[in-house]
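Structure first, commentary second.
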Amino acid sequence: MHPEALISTLYVFLLAAFLGYQVITRVPSLLHTPLMSATNAISGISLVGSLVTAGAHHSIVSAILGFVAVTCSTINVVGGFVITDRMLKMFKRKATAPSPEQKK
Amino acid sequence: MHPEALISTLYVFLLAAFLGYQVITRVPSLLHTPLMSATNAISGISLVGSLVTAGAHHSIVSAILGFVAVTCSTINVVGGFVITDRMLKMFKRKATAPSPEQKK
Amino acid sequence: MRTGFIELSYFLASVLFILGLRGLTHPETARRGMHLAEFGMLMAILGTLMNSEIVSYEWIIAGLLIGSTIGLAMGLWVPMTAMPQRTALSHAFGALAASLVGVSEYYLRGANLGELKIGALGFEVLLGSLTTTGSLVAFSKLQGLLPGAPLTYKGQNVFNLSLLAVTVACFIALLAFPGAGVLFYLMLTLAFVFGVLLVLPIGAADMPVVIALLNSYAGLASAATGFVIANNVLIIAGMLDGGSGFILSIVMCKAMNRPITNVLFGAFGSVSEAAATATGSIMREANLDDVAVQLAYARQAVFVPGYGMATAQAQHALRELADALEARGVTVKYAIHPVAGRMPGHMNVLLAEANVPYSQLYELDHINPEFPSTDVAIVVGANDVVNPDARDNPKSIIAGMPILEVDRAKSVVVLKRGQGKGFSGLVNPLFFKSNCGMLYGDAKESLTQLVQAVHSA
Amino acid sequence: MRTGFIELSYFLASVLFILGLRGLTHPETARRGMHLAEFGMLMAILGTLMNSEIVSYEWIIAGLLIGSTIGLAMGLWVPMTAMPQRTALSHAFGALAASLVGVSEYYLRGANLGELKIGALGFEVLLGSLTTTGSLVAFSKLQGLLPGAPLTYKGQNVFNLSLLAVTVACFIALLAFPGAGVLFYLMLTLAFVFGVLLVLPIGAADMPVVIALLNSYAGLASAATGFVIANNVLIIAGMLDGGSGFILSIVMCKAMNRPITNVLFGAFGSVSEAAATATGSIMREANLDDVAVQLAYARQAVFVPGYGMATAQAQHALRELADALEARGVTVKYAIHPVAGRMPGHMNVLLAEANVPYSQLYELDHINPEFPSTDVAIVVGANDVVNPDARDNPKSIIAGMPILEVDRAKSVVVLKRGQGKGFSGLVNPLFFKSNCGMLYGDAKESLTQLVQAVHSA
């Protein structure tokens, strides 16, 4: 890697760490379970690595490793997003029967 | 610039923008005036550009431009930090004479 | 041109992931946020598929198809109560993927990677592998495939530390001799073994913290992959993931008032007998019809759900009871402790499943001042989170943990099956207080009966 | 090695800047945060001085010395009431520095920069230049060197827009012919002129929003410089600076309930006569001794400071009054409107200067519910922020702006010099209410007299 690119990558790392911290601490405990499955789904982005490994045909070994990796990541992506949506769909602010107190 | 480095720089830009937004929106209005002078001081970091311009002796024109830029940035850095500290020193949680209510 | 498009898709994906997680700061915007993140993922995948290094698509399509099928099945059918296990399993998948990409990269390029990349790659493989096996053990414990109790033996910590030292030594040696495949595969194997040994001595009840920690490892492994293949979106997503795991583990430890080292090395839950203190007085059994009448004529009732509600799947019955009471004009509130249940946000998601609006859920700080003016507090399978010892007895092992102060309510009814202890294995003095009655039985059954009794009250 | 150290210093500076601003989220941690940021700045400067491109230090040392002297003098002696001007001036300095670095870069390397860098450089010079002159005009208006009233003429907006179009055209042409110096210097000149024309038609009272906007431009210019010289810390600091300006301008516009376009092109404050509505009834003058007695025997008094307190420098006198009242057992609270005064946080910093603890300062949402149970509300040089028309009269030009509802207090006393209008030029129906009395005179004098009267009450 070009040294300039490496340095910038370190900055990306640093800023992403700070940003992750800032964003996640704002998630209310109400949504902590969906948060877990959402980050899970997003971490399936490692697909961008495994897809290339699976398709590059450098050797059969790497193709198989890549295939397993693609499968695993896809499970996370699809499963994670589906489950997150399933959960979030359930959160409602108002009941069908109105509840007397609405503060929080 | 190397294209890889350029791309990473764009990411730095993106993340810094998000991070700036997240961090600044958490500053309470109580501290908005110090915030203004603090960011002002920090923006004096453009010194890192002007110092090189002033010292590189490529030509007398650029040296003078650099000199003016160094002066301006230094005013901001020193003035900004001094004023911010002057203000922040004044913010006190408790009065010398205790105040009856402390909630907020 | 083509790389331009690929890079653009990654950049867009990064933006959308960040926006997506920001959406989670509020339940109103959460779903839209997730749709953005989904779209970002699609972009990134499509972009990657345009990569000119990819020459054949069979393996890719097979992987995507199988993965989607399994993922969809898991996503649709895993019950809400099994979330902790599912999360553990998915960390295993994620970490395995990171680890395998690393292995294949090493297999292909090995010695030609340069010191820095070898470093990142070793880090990725190390973290990925130990997270894989660690998460699998956590999954097995939670699913009941392995005994939940801590598995300890003499000298365990010393042994584990030595193993870790050897693994790290391999890693360092690899930095010096990047070409030495033996070192790499030895490190890989040791990391797999270490993951198992790391999690075995931790009790099932402490798994949530472990899972969150493993989550942050998995995130770091992803970020390291990003370094290796010079891909920024991976770094960003990895750090977001890692940050979430890290913060959730901190939240849990804080809410339990235990340092993280105690969770990891304390083998908590293996000493349940010793903690039982003599309390002298007796527990009063409550009569179901009495409780129903009490509830029916209360002004305000507060429900305190805990782990027992989750195991009994009693959330729907609880909601029905709330409906019945509200129909009679009783104000009903739910008090949610941050570590009630076995997972952050556990109670919230179960109650949401049962259609309880989140405006009725109250956090610790908001509900505690209300207990003195509450007529009846119903504790549904919660124990530790309402243990007044945490507040009153500085010698208790949970001393300092913030609790829901139900003992200050005018009267308390506890729904549990018998003399079972909570997660901490402590005796709960609440149960012996004069304003507290015990309603024995499975939470779901008790609640269903209560609903009928309220209707006829 | 040397570049390694330089890069490390920049990296550290970035971390410290972020941590420093994060410190500002709480007054307890704010000072420590700033010390971190100061240390980061020192690191970055020392790192830069090691740059091997630097061959002579005379100009550098001269600049640093002169800058530090002026900066220190300004920092120590600028009074708190002159903060808005100072801020405007410092944006001019910052933007000028960015612009000059850009000019010198173009002067030295010109055509050899490549399209992307020329783009960033043009952006930097454009924004830097217009911010420089714009901020100078803003400074002059606030300092009274230029008339504060909006300077408008027919066709102004059209003329300004055309000028902007020509400037942007130069910029685009420059992208195509990076070597054409004429284009560059023409663009530079036009940007300087445009900055002046942009700010001239805006009234002095609207300057705070303009200053915040110029702040965000200055930040963007810095970030663009970062692109040009490939320096990440500049990008980060620039975006933090820009973000702050952007957010503050939004906060102000929201609190005034005016869209930003209205601020920029509305020439607000030039139409004060038209807005005066007939109110019919009369204003009641209050007697100083009556007010003192009322205060002395109140249970709770709320002080509402506004721009008049700032101009009268009455914060110390106000604090003395609070002390006198508290000594008699009266509960004193300060109600702070987000846009009271002429700068975000203006009142907070003035009251802090007068030693008022910030736990006594209450924001809109916290104090409004308390007015009905407040015996006396003292309005010290505030006007618009307590104008009930904003709430009651949907046709008012400030309709929808959130206000401090002093009119709901049991009684209100307004300290002002005479019939002067507030920033918006509106008549304030509050002054005509039956529970409201006017105490005419300079705020500082009135307050000092009140203190004495309370002592002898």
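The letters A, B, C and D name the chains in turn, as written, and every chain counts its residues from 1.
Simple rule for what comes next: a contact is a pair of C-beta atoms (placed from the backbone, for glycine too) under 8 Å apart; a residue touches a chain by one contact, two chains touch by 3 or more.
All values derive from a computational prediction rather than experimental measurement.
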Check: What is the touch distance from chain C to chain D, in steps?
Finding: 2
Next item on the list: Sort the other chains by how far their Cα centres are from that of chain D and give me the top one.
Entry: C
Check: How far is the middle of chain B from the middle of chain D, if each middle is the mean of its Cα atoms, in Å?
Finding: 15
Margin query: With centres defined as the mean C-alpha position, give me the chain A-chain B separation in Å.
Written below: 33
Margin query: Counting only Cα atoms for the centres, state how far chain B is from chain C in Å.
Written below: 40
Notebook entry, point to check: For chain A, what residues touch not just one other chain but two or more?
Noted result: 1, 4-5, 8-9, 11-12, 15-16, 18-19, 23, 26
Checklist line | Residue list for chain D, restricted to those that touch at least two other chains | finding: 18, 230, 232, 236
Item checked: Listing of all chain pairs that touch each other, if any do -> A-B, A-C, A-D, B-C, B-D
Next item on the list: Sort out for me which residues of chain C touch chain B in the complex.
Entry: 7, 11, 14-15, 18, 230, 232, 236
Next item on the list: Sort out for me which residues of chain A touch chain B in the complex.
Entry: 1-2, 4-5, 8-9, 11-12, 15-16, 18-19, 22-23, 26
Next item on the list: Provide the residue numbers of chain B that touch chain C in the complex, in ascending order.
Entry: 4, 7-8, 10-11, 14-15, 18
Notebook entry, point to check: Residues of chain B touching chain D in their complex?
Noted result: 1, 5-6, 9, 12-13, 16-17, 19-21, 23-59, 61-97, 99-104
Item checked: For the chain D and chain B complex, residues of the former touching the latter -> 10, 13, 17-18, 20-22, 24-28, 30-31, 34, 37-38, 41, 44-45, 47-49, 51, 53-57, 59-60, 62-64, 66-68, 70-72, 74-76, 78, 80, 83, 86-87, 90-91, 93-94, 96-98, 100-101, 103-105, 107-108, 114, 116-117, 212, 215, 218-219, 222-223, 225-227, 229-248, 251, 323, 326-327, 331-333, 336, 338, 343-346, 348-349, 352-353, 355-363, 366
